[in-house]
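Each of the next two complexes has chain A plus one more chain, namely chain B in the first and chain C in the second.
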Partner chain A sequence: MIANSLGIMAPILIAGLGGLLSERAGVLNISLEGLMLTGAFAAIVVTAATGSVLLGVLTAAVAGALLALVFSIISIDFGSNIFITGLGINLLAAGGIPFISNQLFGTKGVLRFAEMPVLPRLDLTFEFRIPLVHDLLFGHHVGVYLGIVLTVLVWVALYRSSFGLRVRVVGVNPETLRLRGLSPERYKRIAIILSGIGAGLGGGLLALRLGVYLPNITSGRGWIALVTIYLGYRHPGGVLIAAFVFAFAETVSMAAQGVIALPNTVLLSLPYVLTVLAMVIYSAVRHSSARRVRYQR
Partner chain B sequence: MNRTSPRGSVPAIALALAAAVAVTVVLLIAGSDTPVAAIRAFFFGPFSNTYYFGNMINGVTVLVLTGLGASLAFRAGVFNLGGEGQVYTAAVVTAVAANAAPQLSAAGGIAFALTAGVVAAGIMAGLSGLFRFLWDTDELITSFLIASASIPIIDYMIVGPLNDPASNLLTTPRVPEAFRLLRILPPSRLHIGILLALAAAAITFFLLFYTVRGYEWRLTGLNIAFARYGGINTGMYILFPMLISGALHGLAGAFHVLGTHHAALVGFSAGLGWNGLAVALIGRSHPLGVIPAALVFSYLQAGSRTAILHTEFTFELATIIQAVIFFIITAQHLPRILRRLRLKRDARA
Partner chain C sequence: MDTHRLVRTVYGITILAAAVLLAATACAPDEERTVSFSIAVFVPGVVEGSPTYEMLVEGVKRAAEERDEVAVRVIEGGFNQAEWGEGLTSLSATGEYDLIVSSNPSLPEIAAEVAESFPAQRFLILDGYGDNHESMATVQFNQREQAFLNGYFAGLVTTHDGLKHTRDELRIGLLAGQEYPIMNEVIVPAFTLGAQTIDPDIEVDFRVLGNWYDAGTANELAGSMIGRGADVILTIAGGGNQGVIAAAKERGGYVLWFDSSGYDQEPGVVLGSSIIRLDTIAYERTLQAIDGDLSFGVSEVVGVREGYVDFDTEDSLYQRHVPTDIRAEIGKILERLRSGDLELEMPRL
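Let's turn to the complex of A and B:
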């Protein structure tokens, strides 16, 4: 169950980490959903054409980056409202992908290719193994490991590099950076493109795990990724935990299908219910303990 | 979020609209096999008969109400991202309430069903306000999550227990005829809800800009620390904006059932919440700015619909056009960019 959760978590986590970078630069990127969808489409098309999963994943990242570049040009250079631009990018992906798909393959629907390589799993077999620990650490698809590595990388970038410091300053007060002779727009743009890479990667991994492109394959995962940023208190480690909580909730609701006599459609809402409950309880507990500290002083 | 100029400069908006029209024409020419017919259907289709025209104006009703809901939240500095679920929930609650009390008089039944829908959506959004008020839980996230959780449940109710066995559509039973709102422009679906929506915009404008509470509301949105320092009970301006934002979304959902479709269709609210936010932002979160923004938006949607119905124009192209118009319509640097281009051209000449 935990292994399954990790598999579900990876795309959300990677997209969330990307979104975190742009959020810290002061850009709420609500187009993660559209960027993920673009990555998913690009990954399947390129993997099917070249037979290489690696190329597929890389193309997903590039596709996400390009669309994010469009986002940055419209929001920064044209000065359009960030929220509306994000909505527009989502629409562009929702309309553009079926359009391109129709031109290339003559269908706006499911893209399934024969002899599609799947996402490799990391399997190490040791002579001596502790069953539970082994299952926890190995046998997941590469996206899970990538996600955890990226969490560390994003943490290092944000808190242990001058680049990260500047990104965080842009999010708090862009003028400070300008006074230092640096361009806040430049850091915003880089952060937005990085969020595109993250979301594109996440979408690509999501599709390659299934080995097929479906219309609306992301089905809200981009929005969930956005939620993990806030649920994780705008911190990479928090995003990791939040993405896992959500993935676990989804695994639980899938497992519950066999046990509880609830209709399938209602179970679709369970991950949201569990996440909002976790969030409300967490903030309530944090709030009351914060108050206790205040009274003691 | 830019809310500095409520009015925006008129030339800038005219320029944005002109650019939007130009881009739309280019896309229509590039993307359609019959460009002339597509352009005619897109731009003039909504005015070609009373049916299309009335439905376009009816679209304004929903957009004004959801746009107002979003604007009021923005004005208090809170976010209601759950509009879609609130509209959807209110629609089903309204349909159930109307069918549960057929013995009521027309006015009583309408009032009862409307109130039920409005209260349901108000509570839904109000919960997020309450959590923020009590424990500082981010209302932006909870409103979105609560709405996302509600959508599959409502889907299930319409398809399952509340389904109308007499209909082939996935819908609730139609509401009693006595409770249906008066249609203004038959055969279109335009109903008297539009007048109420416009009145709501006017009342909101007055309350927000000409009353003390409206002043406190806006001040809390502009600077919550300053507002608290000035002795304003800022907690109230977190709770009530969410409640009222939800209630306005609820009114949109209730009108959909009592006025437009006379039943709640499965999935009808898809995208409505986002459209409301877009209308609010295009209208600069101003209660009166929301009205022209909703008109433009509804015109675009109606144009796409007639172009899809009458030409080779596709749904995907309509979506792309909407995206491009989103980009242009709030572009603040557009005049400056055009000026720079002109300078460059002059320099070359």
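Let's turn to the complex of A and C:
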């Protein structure tokens, strides 16, 4: 069940980490959904054309980055409202992809190609193995490992590098950076492009797991990724936990459908209820311990 | 207004307009011609990617082409069911259309409401039951027979020894996009009945996706079903079907298709397809309507016997991947349904 959860978690986590970077730079990127969709489309088209999953994944990141660059030009250079811009990018992806798909392949619907390679799984076999630990560590698709590595990288970038410090400062007080002779806009732009890379990768991994592109393949995962940023208290580790909690709740609800004698429609709402519940409990515990610390002082 | 603000506003409007334009281009309606009989095809969803709606449009257009001065306009109503009534009302309000054709189990009820305001408007609704409403002619497919055929085939597969991915457990799966009366009260019981006709111990693992597009979640659900021992899954989940194929391909299992032939989706994985001949009936009934021969106030139910519900046994991929004994059994059960030896009446809901 944990293994399944990790698979569901990966695209949400990676998109969430990207969104976290731009959020910390003071730009809430609500176009994650559209960026993910673009990444998914680019990944399938390039993988089908080249036969290389790696090229597909890289193109997904580039496609996300390019669209995020458009977002940054509109919001930073033209000073447009970031929410309207984000909405525009989402609409652009939803309307533009079927248009391009129709021009290239003559269909606005499902893109399925013969002999399409899918995302590989990391399977290592050892002579001596502990079953549970082995199942937890191995056998996942590469996106899961990429997600974990990126969590660490984003944490290092945010808290252990001058770049991360500047991104965080931009989010709180951009003028401080300007006073030091640095351009806050530059850091905002980089953070937005990084969010595009994250979301593009997330979408690409999602599509390459299935080996197919179809309209609305992201099905709100970009929005869930956006939510994990706040549920995770704007911290990479928190995003990881929030994405995992959601994915685990979804796995539980899926497994419950086959076992528990409750209407399936009721069980479908379980991931959302469980995620909110987990976060409310976490928030309550966190606040009560913070109050205790204050009292002890 | 200062320059910056003006630039910002113009830019915002341009981007939104570009997005809307692209979206509009992506679903531009067909051109209209000047004519004596005008037909509107109201698609409750979008045509692209939906085999049934593609069949609907194709059938109506084919009929229109056979007669002079007949115009067909296709209107896509989108996925929001709450907006279908409004869409149908505005089409009727124009008074331009001699016939509105549509296809969906929920459409007769919506059309009946619209007919109260526009009693002269005539509807032809396929895949729905209109309870002999005077404004409409409806044709419902016997989905009890259709689901029974899928279940019978699934039963033959799961009990077969010669297929690579069959398991010991007597379990088969059914994934639905959503729960609705025909799904819960006709399709699931008939699918189960079909399978249990082969072996009464066969269990059906019934799961619901919650929408008609989330292939990622469908993939996980199908994976979970296969993990619990279901070796063959009937998928009725729209775009979600793609996720089921991916799961069956990766984890070893078989998929059954519903409503249209799906063998070429993934040869060797999609093993069986029950079909409805929606294109044929759309063509025939539209032609009757144009000629003035279609009786309104009549609600038909058609099935295997009439030739509008079938199991696609002609496809070369079916013949290549399905063992001979299973094909023979399917041939026999189809013959019993055609001859009336086996009757499975479609219940009134």
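Simple rule for what comes next: the second predicted complex is superposed on the first by the 278 of 297 C-alpha atoms of A that agree within 3 Å, B and C clash if a C-alpha of one lies under 4 Å from a C-alpha of the other, contacts with A are read in each partner's own complex, and residues count from 1 in each chain.
By our rule, a contact is a pair of C-beta atoms (placed from the backbone, for glycine too) under 8 Å apart; a residue touches a chain by one contact, two chains touch by 3 or more.
Note that this is a predicted model, so its numbers are computed, not measured.
Once chain A of one complex is fitted onto chain A of the other, the partner contacts of A:Ile84 extend to both chain B and chain C. Using the contact criterion defined above for the overlaid structures, shared-chain residue A:Gly7 touches chain C, although it does not reach chain B.
Once the two complexes are overlaid on the shared chain, A:Val227 sits against chain B while remaining clear of chain C. In the superposition on chain A, A:Lys108 makes contact with both chain B and chain C. Using the contact criterion defined above for the overlaid structures, shared-chain residue A:Ser283 touches chain B, although it does not reach chain C.
Contacts of A:Met254 after superposition: chain C is touched, whereas chain B is not reached. By the touch criterion stated above, A:Leu136 is placed in contact with neither chain B nor chain C. In the overlay built on the shared chain, the residue A:Leu92 is in contact with chain B and with chain C. Applying the stated contact rule after C-alpha superposition, one finds that A:Leu268 touches each of chain B and chain C.
Within chain A, the residues touched by chain B in the first complex and by chain C in the second are 74, 78-81, 84-85, 87-88, 91-92, 94-96, 98-99, 102, 108, 263, 265, 268. Residues 74, 77-85, 87-92, 94-96, 98-99, 102, 108, 220, 223, 227, 230-231, 263, 265-270, 272-273, 275-276, 279-280, 283-284, 286-287 of chain A are the ones that touch chain B when the two sit in their complex. The touching residues of chain C, when paired with chain A in their complex, are 4, 7-8, 11-12, 15-16, 18-27, 46, 48-50, 178-179, 205-208, 210-211, 213-217, 219-221, 223-225, 228, 239, 242-243, 245-246, 249-250, 265. Within the complex, the chain A residues that touch chain C are 4, 7-8, 11, 74, 78-81, 84-85, 87-88, 91-92, 94-96, 98-99, 102, 107-110, 112, 118, 206, 209-212, 214-217, 219, 221, 250-251, 254-255, 257-258, 263-265, 268.
Those residues of chain B that touch chain A in the shared complex are 1-2, 31, 131, 134-138, 140-142, 144-146, 148-153, 155-156, 159-160, 274, 277-278, 281-282, 314-320, 322-324, 326-334, 337.
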